[in-house]
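Got some structures for you, see below.
One chain, chain A, links the two complexes that follow: it is found with chain B in the first and with chain C in the second.
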Partner chain A sequence: MAEYTWPAAGDRLHIGKHISRLDGPVKATGRAKYAYDVNRRGMLWAIMVQCPHAHARITSIDASAAEAMDGVVKVHVIQDVGTEIQWAHDEIVAVAATSEEVARDGAAAVKIEYEVLSHFVNERAVDEAPDAQPAQAETTGDPAAAMASAPTKSSGSYHVAQIAHCSLESHGQVAEWQDEENVTLWASTQAISGVASQLGEQIGIPASNVHVETQYMGGGFGSKFSVDRWGVVCAQIARDTGRPVKLMLDRDQEVTVAGARPSTHAEVSTAADADGNVVAWDSKSWGSGGPAGANSPPLPYVFAFDNQTHAHTSVPTNTGPARAWRAPRHPQACLVTMRALEDLAHAAGMDPLDFFLKNIDKTGERAGTYTEELEKGAELMGWRDRWRPRGSATGTVRSGLGLALHTWGGRGHRSNCEVLAYRDGLVEARIGSQDLGTGTRTIIALVLAETFGLGLEQVKVTMGRSVLPASGASGGSTTVGGVSGSTRRAALNAVDAVFERIAPRLGTEMANLELRNGQLHFKDGSMAAMPWRQAAALIGVNPVSATGANPGPGQLNDSGVGGIQMADVSVDMDTGVVSINRMVAVQDCGLILDMKLAESQVYGSLIMGVTYALTEERVFDPHTGQMLNADMEFYKLAGIEDVGEMIVHMMTGPGYDERGVIGLGEPPVIAPGAAIANAATNATGVPINEMPMTPERVLAAINGGMA
Partner chain B sequence: MAQTRYPKTPREEQPEATVDSAETKARGPFSRRQFLRGSAAAGAASAGLLSGILDGAEAQGEPGVAGPGAVDMAFKINGKAYVATLEPRVTLLDALRNHLDLTGAKKVCDRGTCGACTVLLNGDPVYACSVLAIEAQGADVTTVEGIGSPANMHPIQQAFVDHDAQQCGFCTPGFVVASAALLNRHPNPDQDTVHRELGGNLCRCGTYAGIRAAVAQAAGGGTTNG
Partner chain C sequence: MRAFEYSSPRSTEDAIRMLSAEGAVALAGGTDLLSLMKDGAAAPSRLVNLKAIPDLTGAHETDGGLHIGATTRLGPLGEHRVIRESFPAVAQAIAGVRSRQVLSMRTVGGDLLQRPRCWYFRAGFGLVPMHDGQSMAKTGDNRYHAIFGNAGDAVFVNPSSLAPPLIALGASATVLGPDGERTVAVEDLYRTPASSDESEFTLGAAEIVTGVTIPMRSSSNATYEIRNRKGFDWPLAAASVAASDGGARVVLGHAAPTPWMSAAAAGALAGGISEASAEAAGDAAVADAAALSGNGYKIQLARVAVKRAALAAM
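Let's turn to the complex of A and B:
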């Protein structure tokens, strides 16, 4: 029986190396076909009519003008007269036509009347919220008493705005029915298996008759787990018209209705003893991600104190609903906690690096990792030489340093894989997973090739189709652990199955065979090693097949990482503009399968962090309830010139590798905003407590909090 | 209005740009930035469009306007001839994607902000969402598919692969085209030039470190991230 482990450090063929993603060439040459790119013969384009009001009841729908238009094939009412609409841009009617232009004309010609109802979007004003839902405080120890007797105290208000996912490929799909019982959905999704089940239920056919295909997808970040109402509508129109239908969200819909990261506002008081040990934490938070409000951020974050209390109020608003955004609730909690602790360090007259190290035991089991990472980060940032107390900088443009810690789970999800070995030497993995651009396809190939001792060009990965062995949704940093576990087990089982098949044909025992470096070896030396192709020829016309699953036997993956990040920023005291000079990220994630892809995740996270720290915000007009920047001109993403220099260091080797594979999609995106805010505070000498750190807000802080 | 029109002069007849005169004006009269500036100043790109159509019509000796119904159009894309019958309001991007099945250029913002639809018109990068297809007739259009193929990648495409300058890949075609144009204009760009020339393209996954390194490799320079 196979032993389900990863190869030892000296025996790794591919694992841990810098391997380029296998689908790089098709993406870089524009050949990769995304859902948005699928064009089918006779296909209709569907455009959705949106509600212009933040809260309203539909009183009439007149689609006669649209229906009379040349080229309009179907008008589909999504939400009918009498329905109460809870947010602007909600979809009311879809118009399908023979061209995109006619579909837009048709959508514009649909007349919908509303009874406009009162709305609430200004979730920062928690006292004015009509449906605020306070929760009971969670308390440990006696924070009030500890606070009262402590010599060092600090308090502050910290704010993180609501942001959008703003995936570049908007949500949507192409639907085509093969016959009355079978439909294919080319979907931009993070969850092919789940979408098949959801669509099947909602249109009344077996999930197995829904064929979801996603070879490439243009960004999801947690917003693309569901078939969504527009997916069901697309399939319904395709069934009603007997024609393929493409329905993709327009950009304004993408940033208003297809995903939001909830805001967090918090008032925090902290206290430390004379040695700089944190002795008390008291926080009250509130926030919103739409009609369902927002769950509490995990406060205090990373640290647990002997005396702490936290209470959260969820604030429902008439805005497009929240969806999971990379590391849900963590970036907000990180900003609140790390800013509050930096303020306490300042009150204690300590370098925050010393202060965090002093309190590192309060992080629990990852204290040793954080200590190593802080020391490594300090070295890469030159922290010991360069840090100066808050407000030491002078002149118009002032620089400063800040740091933050984060944590995440990232255990591998449920995954199934089938491995086939063919007599022409090809080895194939079949797995119902999807590659969001994180490199999942490459990871599966790498694990398969590693296990068979082959080159990456000798293996094939078939994925992105819901008919393949089911694998979990790609979210929460669960994919790499899941697919590497199922693929490793399936591949090890397949190697055994190959040996079982060919050993008799070679006149030897299974146990005498070994695959290494593209060759079949005989452990007893009875025969010379033979090339894999020659050995594979003995498999015969029927391929060898074996399966593997995650979870399963052997420790191939684990959960729980810690990471630290440091920021070096400059702030222009006259304009309030924050610029990033350098970001340092030090990250652990267990055994790293592909160092190039792992580093890419961290670089990408730093950049995404810079953009939410400095520019991203869903801005709502309290009077109309409209999002004022439902586009990409004013919903701003950072450009290549905005992100500064980035240094990434992955923790590897003894103490890390033996834990097995742990996910990396979430952890490094958590801390950049907090590190940048701490650095801006250090640079300016005044607390910079709000994200995004727009020039307006930074200037207001510099000028005495006049925002 | 003149600056809102694409250059009729072939690329090779443009004055050669030097590295230190790295200004947008060297890009020709139809740079993306100047197109946007010109459009804004004119209030609408359609003014430029109208004069363009009329110029074309006059050249054929028959005054008139095209549309509003579909009209026959002819394009030269990646060196190949294409014909299509399209309404005059159809953008070059929609013509490529919806009618010619050239889907490398992506539709993201659809209003000249993100650069995912970047293509070359006579060698100059433009946002295909902000050019009408009818105006692109007679121009050499190069899409990402024409820059190179998986089996025969352009050096910048190989560099994007080598430095993992792509994650989801949806912004990648635009960045590849813009980077190829950048390297044509500035064979050895400094970092400021790279930032300025690629500042009209946006990535959501955060691949800028890889893109910097890729451009450096393709330019024959260093290969460090950051």
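Let's turn to the complex of A and C:
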């Protein structure tokens, strides 16, 4: 019986090294085929007609002109006459045609009439919201009394705009029926197994007859867990026409209907005692992510105070609905909390680094980690030498430092893996997981190779198909823990199964064998070590097969990380333009399997964080309720020139490694905005309380008004 | 998309003839036109490619100054010796485009004649969008809209990168049409439409810009842009300044429905550029600016852009 542990530090062949992602070359050369790239013989293109109104009722649909067009094969009504539409760009009709161009022309020829109803899209004006839903305050201790008697107080309003996921590969899929009972879906999804179940249910065939295929996908960030209405429509049109159908969202649809991160607006009061200990927190927040409003961000964030109260109001709006956005609710909570605490530190006359350290015990069980990380970050940023009190900088372009803390869970999800060892020496992992571009394929290969003591070129990963052993959706930083757990267990079981198979053929006992550095070793020295390929030849024509699951026996993964980030920014006081000089990210995530992939996750997060901090925002027209910047021209993503220098430090070694693997997808994307806002505040000397920190908003703060 | 004819004449005469058909549109680099067609904001019946006409491309020195053919690409133009040495205002405006792809394709004529980026226009509401009898942009979200020349209903901003420096440098445009050739000051290519039925350009039917000429006057000149992103992004404010013994010209971009010449700012620089006169020019440039409901910050940015352009020219 195998012992389900990770190898000790001295025994690691691949784990913890800088290993490049295995699919880098096929992606860089364009050989990797994404769902968008799949083209099937006889395939139709489907284009969806969207509602131009933010709130309306469909009164008529006339598709006759579209149906009469050459090349239009099918007009599919998604939402029929009488339906009340709650957001602009909602899908009403899909037109499938023999080419993309004809499908677009057909969609343009569909005449839909609406009874236009009143809409509400700008939730910042919560007093004007027709349907605001306040919730009861959650209170600990006596914040009012603590506030009243505290010598140091601070208050402020903090605002985080609604943003989109804006995945580079838009949502969508190609559907093709093999016969009346079986359909294949090449989908851009974070959840192949889940999508198979959802589609089967919605079109009335067994989930096992839905084959979902996702070898490569171009970003989801939490917006691609569902088969979605367009997935069902695509499969239905394919069934109705007997032809494969491609239906991918356009860019405008991608940012209007395929995901949003809710806004957060908050008014916060805080208080500290004479030593700088935070003694009271009082916050009221509101926000929206569409017709369902928005759940409360976790306030206060990371810290828990003896006396605290928080109340949240959910504000429904007529805008495309929210989806989980990388670390749902955390980036907003982080901005509100870290900005408010930075303001309190300023009121207390303290360096925020000292102030956060002073209060670090209020973070709970991660206090020791945060302390180590803050010291490391301070060293990398040169904080102790360079930090100056708020507003000390002079001149037109002023620089400043800011910091923020974050936390996340990241326990491995349910995952199953089968490992096969063949007599030609190849070892294969089969796993129904998907690689979103984070390096999951590489992680699985690495764990498999590590366990067999082989090189990465000697193992194969078969994944991205729903017919493979089921694995969870890739969300919430749960994938790396899940797939590494199931693969490690399956691989350890497979090694045992190989030994069981070949030991009699070698005239020895299973327990006498071990695999190390590409060779089969005999512990008793009775025979010389033999190359793995020679040993594998003894397996015979039937490969050895073993399975493993997560969760399972042994401590291979854990949950709960803390990270800190520091920003060094410059602000042009005359233009309000914020420039990132340097970001420092210090992060723990337990045992790091591939240092390069881990660092890449943090780099990517910092870039995404700079983007939402400085430029990203969904803008809605008050007249029509339409999103005005449903493009990548005015829905602004940061470019490489905007991101500045990035310094990433991963916490490893004793105290971290033995926890096992913990997910990293969300944690590092939480704090950049808060750290940047604190740095901009430190630089300018005035509170910079709104994201994105556009020149407009920063100038308004500098000029003493609110944007 | 509407089906269209594509023609690629070798001479300007053929081009003008082909453009005389109803619905014909000139195609240069395509960086604007193709996206307008994809967005459904333009639906020409015929595209007349101008890039195959040898006479229209390249820059050379003439008695009248530096002549630049209309289909000269911005990227190469920015590398041109005379541009780098004598007209940094143009080189800086080109550098501000930031996108390699756009620099490789966008032409001088296409840059001067690109359509506004107004999000109401691009969404199909027209260049002068109206809503319940009122200007849709004035009563809607106008954070990127005009701070000058915005008394009427048209409040989009002219997006050209080259118009401010070319106008500041006193450049003229050669216009060719069915009735022959004419020469106009670059600033006279533009007008403010009263409604979405009118054009923002003064070109007549089947007229094209064949080139621009920058007079070889010695001047201190510079362009300064303020953008949210350092990379590819439309400026929130842009200004070009050219100052010589004969006086100064100051032109703002992204500020009004046309490139906006500021006589007041030019006056402030008439005695030469100094820290003080640059500051005064910035103040003078925005003295008659008028904010809409959501773009007051652009007045500050325009002031700073003028001041910094002047200082860069010093």
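Everything that follows uses one rule, which is that the second predicted complex is superposed on the first by the 706 of 707 C-alpha atoms of A that agree within 3 Å, B and C clash if a C-alpha of one lies under 4 Å from a C-alpha of the other, contacts with A are read in each partner's own complex, and residues count from 1 in each chain.
The definition used in the following text is that contacts are C-beta pairs under 8 Å (C-beta built on N, C-alpha and C of every residue); 3 or more make two chains touch, one makes a residue touch a chain.
Given the structure is predicted, the values throughout are model-derived calculations rather than measurements.
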item: Chain B versus chain C as contact partner of A:101, first or second or both or neither; value: both
item: Contacts of A:614 with chain B and chain C, given as first, second, both or neither; value: second
item: First (chain B), second (chain C), both or neither touched by A:494; value: neither
item: Partner, of chain C and chain B, that touches more residues belonging to chain A; value: B
item: Partner chain in contact with A:251 - chain B first, chain C second, else both or neither; value: first
item: Which of chain B and chain C A:30 touches, first, second, both or neither; value: first
item: First (chain B), second (chain C), both or neither touched by A:639; value: both
item: Partner chain in contact with A:647 - chain B first, chain C second, else both or neither; value: first
item: Intersection of chain A interface sets (partners chain B, chain C); value: 101, 631, 633, 639-641
item: Partner chain A, residues of chain C touching it in the complex; value: 1, 40, 98, 117, 119-120, 122-123, 131, 136, 139-141, 143-144, 226-234, 236, 297, 300-301, 304
item: Chain B-facing residues of chain A, complex; value: 20-21, 23-34, 36-37, 39, 45, 99-101, 166-170, 216-219, 221, 250-251, 436-439, 582, 596-597, 599-600, 603-608, 611, 631-633, 637, 639-641, 643-648
item: Residues of chain A that touch chain C when the two form their complex; value: 101, 104-105, 108, 574-577, 579, 614-615, 619-624, 626, 628-629, 631, 633-634, 636, 638-642, 694-696, 699-700, 703
item: Complex contact set, residues of chain B against chain A; value: 87, 89-90, 94, 97-98, 101, 103-111, 113-114, 116, 143-145, 147-150, 153, 157-158, 160-162, 164-173, 176, 194-196, 198-199, 201-212, 225-226
